[in-house]
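In what follows, chain A forms one complex with chain B and a second complex with chain C.
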Partner chain A sequence: MTEKQEVKGQEPPEGKPASQSKEKQQPLLSVRGLRRLYKEESPKLFARPGYVHAVDGIDFDIWPGETFGLVGESGCGKSTTGRLIAGIEEPTEGTVFYRGKDLYRMSREEKKSIRTQIQMIFQDSYASLNPRKRIYDILSEPMLYHKIADREHVAARIDELLEMVGLPENAKRRYPNEFSGGQRQRIAIAKALSLNPSLIICDEPVSALDMSIQAQILNLMKDLQDELGVSYLFIAHGLGAVHYISHRISVMYLGKIVETGPGRGVFSHPAHPYTKALISAVPIADPSKPNDPNAIPSGEVPSAVNLPQGCRFASRCPFAEDKCRQTEPELKLIASAGQDGKGLTEHLAACFYAAGEL
Partner chain B sequence: MEESYLKSVIRRFRYHKAGVISFWVVVVIAALAILAPVIAPYAPDAINPEFSAAPSAAHWLGTDQIGRDVLSRLLYGTRTSLLVGVAATLISTVIGVLLGLLAGYVGGAVDQIIMRITDMVMSFPYILLILVASVIFKPGLNSIILILGFVDWPGVARLVRGDVLSLKEREFVQGSRIAGMTKSYIMFSDILPNVMGDILVFATTVMATSILDEAALSFLGLGIQPPMASLGNMLNGAESVTVLTTMPWLWVSPGLLIIVLVVSVNFVGDALRDALDPSSVR
Partner chain C sequence: MRVNGTKSVKHVLTVIRGQRNGGSRRGVAMDDRILDVQDLRVVFQTDFGKRTVTDDISFHVDRNEMLGVVGESGCGKSVTSMAVMGLLPKNGNAEKGRIIFEGRDLLKLKPRELDQIRGKDLTMVFQDALAGLNPVFTVGNQLTEQIRAHEHISRAEAEKRGTEILGRMGIPDPAQAMKKYPHEMSGGMRQRVMIAMALACGPELMIADEPTTALDVTIQAQIMQVIRKARQELHMSVLLITHDIGLVAQNADRVMVMYAGQIIEEAPVRALFSRPMHPYTQALLAAAPGIDDSEDRRLASIRGTVPQQYDEIRGCRFRDRCPYATEACGEPQAFRELDAQHFVRCWRAGDTTVMSDRVTAG
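Moving on, here comes the complex of A and B:
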């Protein structure tokens, strides 16, 4: 993540210091040059098709036991990133390594075993549970399918899972529609956990819930992480929940990561003007401190089909100058709280202004 | 809260008053039809001395122009009509569900081919098809079942395809994909149970239509052939104005029975739609 790698170089990342064991130094997940383009439906018959740059070359690592937050506004490509890692979409370019293995170039058996290790939680907790099945069947099916537990042990495992997510034991005999949104999200978490994954992709898991329930679910996720050591890729459009749960945060804009760093650093010392804008959009619970009107970007998000030359944020940026409109900035180190060999403390931003190069 | 799915379906079904009444109406009609050989006072093609007799103690619903007991023919005719309705519905539903699942889940060229065939069958005037078929095959019970079965499936196929297309994007199906389950597993474990309700409801409509189509074809003389009785060919006599005006007992009872049967089957379908949805409030 320290330097923006070229898309072609798809080597599994290696741990830097030789002294430490390789197991500890290997990221759980490494995204390298990931790109996903969608062909645009053209109204003209013979027009050359345009491409929507949903995800346009991103790199990041997720380490074991870590929560990695991915934020950005609607359409910035954060959900597509999640779906690419989950394997329900194929990248146009680039790849994802899971414990050093290429997710898109592996044998059927490997794929099947990896599929149990990366699970996903969705925003719409109602649609994520089959309405025709009882909770018992929803939870037992993946375990039986992957032979993680046999019929005798499944029942005990389900009781255990329900207890972990704070639901009563009798929940297993009911149907999803008998539960509230927060409870359904707990069931979705239990379902994801049933396969003992090491990474859970959380695509806006609390956005559809009201504030008090959001806090409950986030706390539950934190507790489960402490208990099980699972990693999260936490995708959200608002910084509030992401800041609360994430160890590190990356900010996406128009398919690219514009800023990345430790949660506290990004939140309290945002470097990129877009991140500043996102933070200023979080309501402040103090009427005497109005939001900074200058920080809210003006104008529209440029089309993801005809990307502007230079910085993608330049058209809305209060600090943009000619250089920004001509060359595209790359992620550069802004601050670092020391070397750990993992880049966990490094704070990077893709902005000439933030890097002091204007 | 702990009740089986079937129990909850029955509970919700009971809320639909018209549906419950219709259900029992259908059950009684079906029972009478099945028991026709036992309860019919005469053989359906036995010729009695009185021709075109008005209803009497001996013949509750009168006799037709060649002296057959109308009540007995009505019972046997209902048997035929129900058999055509059920068998044709079964054939068209099976064809429709299989093609719909395939088109919806596989997509691409397979989808295109199946859906164009569906359009073709749908746009074909079935009366014409049956005219042609009746020239090629011998008209009768089996051919009418097959013809109606092969004419009615496009509706089912479209319905199932549409459902599959929307279900495919639902998060729980994607969740199963992420969990590495195979397409056929997802199709039969996640998707089909969620389409089942719609299929069942649609099947009742198809059944009602099949009964009506059989009646129409038999009325025109293209369907069930005499001496075999069906509700449709019993109406055949009403083609003549004399019968229509002076012998109402010949056509009122089969006509009424068709109406009652079709309306009841539709109401049962309506009640089923509500009952099969676990997310409905009741």
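Moving on, here comes the complex of A and C:
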């Protein structure tokens, strides 16, 4: 994703659909020009309803075995992005390619098989686990439905899954309410893993957990990735957790990606003023390193209905000039640590100031 | 009590407070403890019988000080603040101990006497500002009501003061904001209104229970700045309750760590972060992912979970999860001073040569 692409013909990113030999060179997931608008909830009586630009044209790739972090504040569109990829919602425009295949233009059968390969974990695992079912049933049902395992082997597979996520074997006979928040998140992970997915979308998976439990879950997710090679789309507002688990990170603001690059690059050398503000607003857990009070961004996120012309961050940006208020900056290369043909080392930011164009 | 509209809120509030305190009282009490909680025990009647939720809670807040209270959910930090405010639910009861606020035991006051203190000298900001504000009244209505409940001033004067305070809280166009209903404001703005209400009568102590937990990090930074500024200008004390150790590190003067209904460590903020002594505190600090961590750092996680029936545990309540636990940890642990002003509830804690690295290595 070197530049913002206007997708009209909906071409798969690597030319032709996947052939076996190209497997290695192909991203697992390619998001192209993805856009999702919602009709404004309560417009004035006779006014025409506006549209909330939840996700407003974003592009990125996720490669096999990679964790791609998506950060931003509430309302920036990060969760909508996850839901679009998981197929819970359909985009207004743009599309998502999974191994070269368009996720929104495939037959029912194809969809069913591909949906097993993209799984999702939510923040509130309690809401996603049926309270009337035992863990055994919660875990076995999807495997039986998708014929991942037959009745004979499903029990063994459940034992294996529970062991993988660090739960005791007798957990399968219990109900979701008998577990703590951290344990329930382990069950949700086991459920996601049961269908052998290649991508798990994790929407704020640790935000509701206490610090010591959060560390357990993050470490578990890292270990499972090393073991199984699964990719994660890790969506969260906690910068520390995203930094810890992600290989690459994109920062979203008002429906757009404003900065993207390797995790270390984005967080240790942030280029976009919004990323800088975000990072300097995180209280450092060390009293001898005071946060810079001058770096706190002023104002609040503007409405996603009446988007400002030009750069969306301009109203809060300390560097904004006339050009920023007129033209919307596109993602430009800021730094790159070599060529790998995948763009994994490229650090991009959508900012005239960062690109030295002011 | 005439309030000159051109004067700053800071001035207004200090004048008000000076009159109220009669100057001399404040002068004498300057280096006093504003809040002194002694041996507090809170019990709850549950379906399963009586449960001791917090026990042996003793701490104090000095004038002009910010005391941070950290701990994970269910550790008793909010229950402690509710007990101080006299806001325990019906089935809860401060069974034992004293809560001395400005020389008076709050537990012994009549409801009417308590009402004179609460909302004026002793105020509270909650996490959920939407639940704390009445949805059918405007912000201005609630703010002026709050002021007039404690001070005999006219509606117009109260409105003027309310508008000024809202402006001070960083709310753009405060006169307009006074006319708004809570749902018409963003979460950050609502929290500013809550803080304005807490500050309106110039409190001596403000309890802030997770004041920024529901907010985005840039808004959190703005709100904390408002609280810091108000604290400086009003010379008030703050009891900051949070699960975010970063927030405590950046704002508090002194820190208290709670675990399973007990205070397990207390120290000046720098001492606590540079030399945490309780194994739980050490683990808590090592479990937090930072944004400047090196790539190969592995987070230390604490095995297991917080015990459910912790009031039945005789000895150390962290014992089952502690890497240093021994036989002697089964005995009740004394809260002892290991360093100047550094208290720990762990008999092994002095033994730092054994204990310094292992937890952090995870």
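The rule is simple: the second predicted complex is superposed on the first by the 344 of 358 C-alpha atoms of A that agree within 3 Å, B and C clash if a C-alpha of one lies under 4 Å from a C-alpha of the other, contacts with A are read in each partner's own complex, and residues count from 1 in each chain.
The criterion applied here is as follows: a residue touches a chain if its C-beta (ideal position, glycine included) is under 8 Å from a C-beta of that chain, and two chains touch if they have at least 3 such contacts.
From a predicted model like this one, the values you see are computed outputs, not experimental measurements.
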Overlay on chain A: chain C relative to chain B, clash or fit: fit
From chain A, separation angle of chain B and chain C (C-alpha centres, steps of 10 degrees): 70
First, second, both or neither for A:L195, with chain B first and chain C second: first
In the superposition, chain B vs chain C on chain A residues touched: C
Contacts of A:G240 with chain B and chain C, given as first, second, both or neither: second
First (chain B), second (chain C), both or neither touched by A:A281: second
Minimum C-alpha separation between chain B and chain C after superposing on chain A, in Å: 8
Overlap of the chain B and chain C footprints on chain A, listed as residue numbers: none
Complex contact set, residues of chain A against chain B: 86-88, 111-112, 115-116, 118-120, 122, 124, 127-133, 141-142, 145-146, 170, 173-175, 177-178, 191, 195
In the complex with chain A, residue positions of chain B that touch it: 1-2, 5, 170-172, 174-181, 185, 189-190, 193-194, 196, 278-279
Complex contacts: residues of chain A adjacent to chain C: 73-74, 180, 182-183, 210-216, 218-219, 237-241, 243-244, 264, 267-268, 277-288, 290-291, 293, 296-298, 300-301
Residues of chain C defined as touching chain A within the complex: 72-73, 186, 188-189, 216-222, 224-225, 243-247, 249-251, 269-270, 273-274, 283-285, 287-293, 295, 297-303, 305
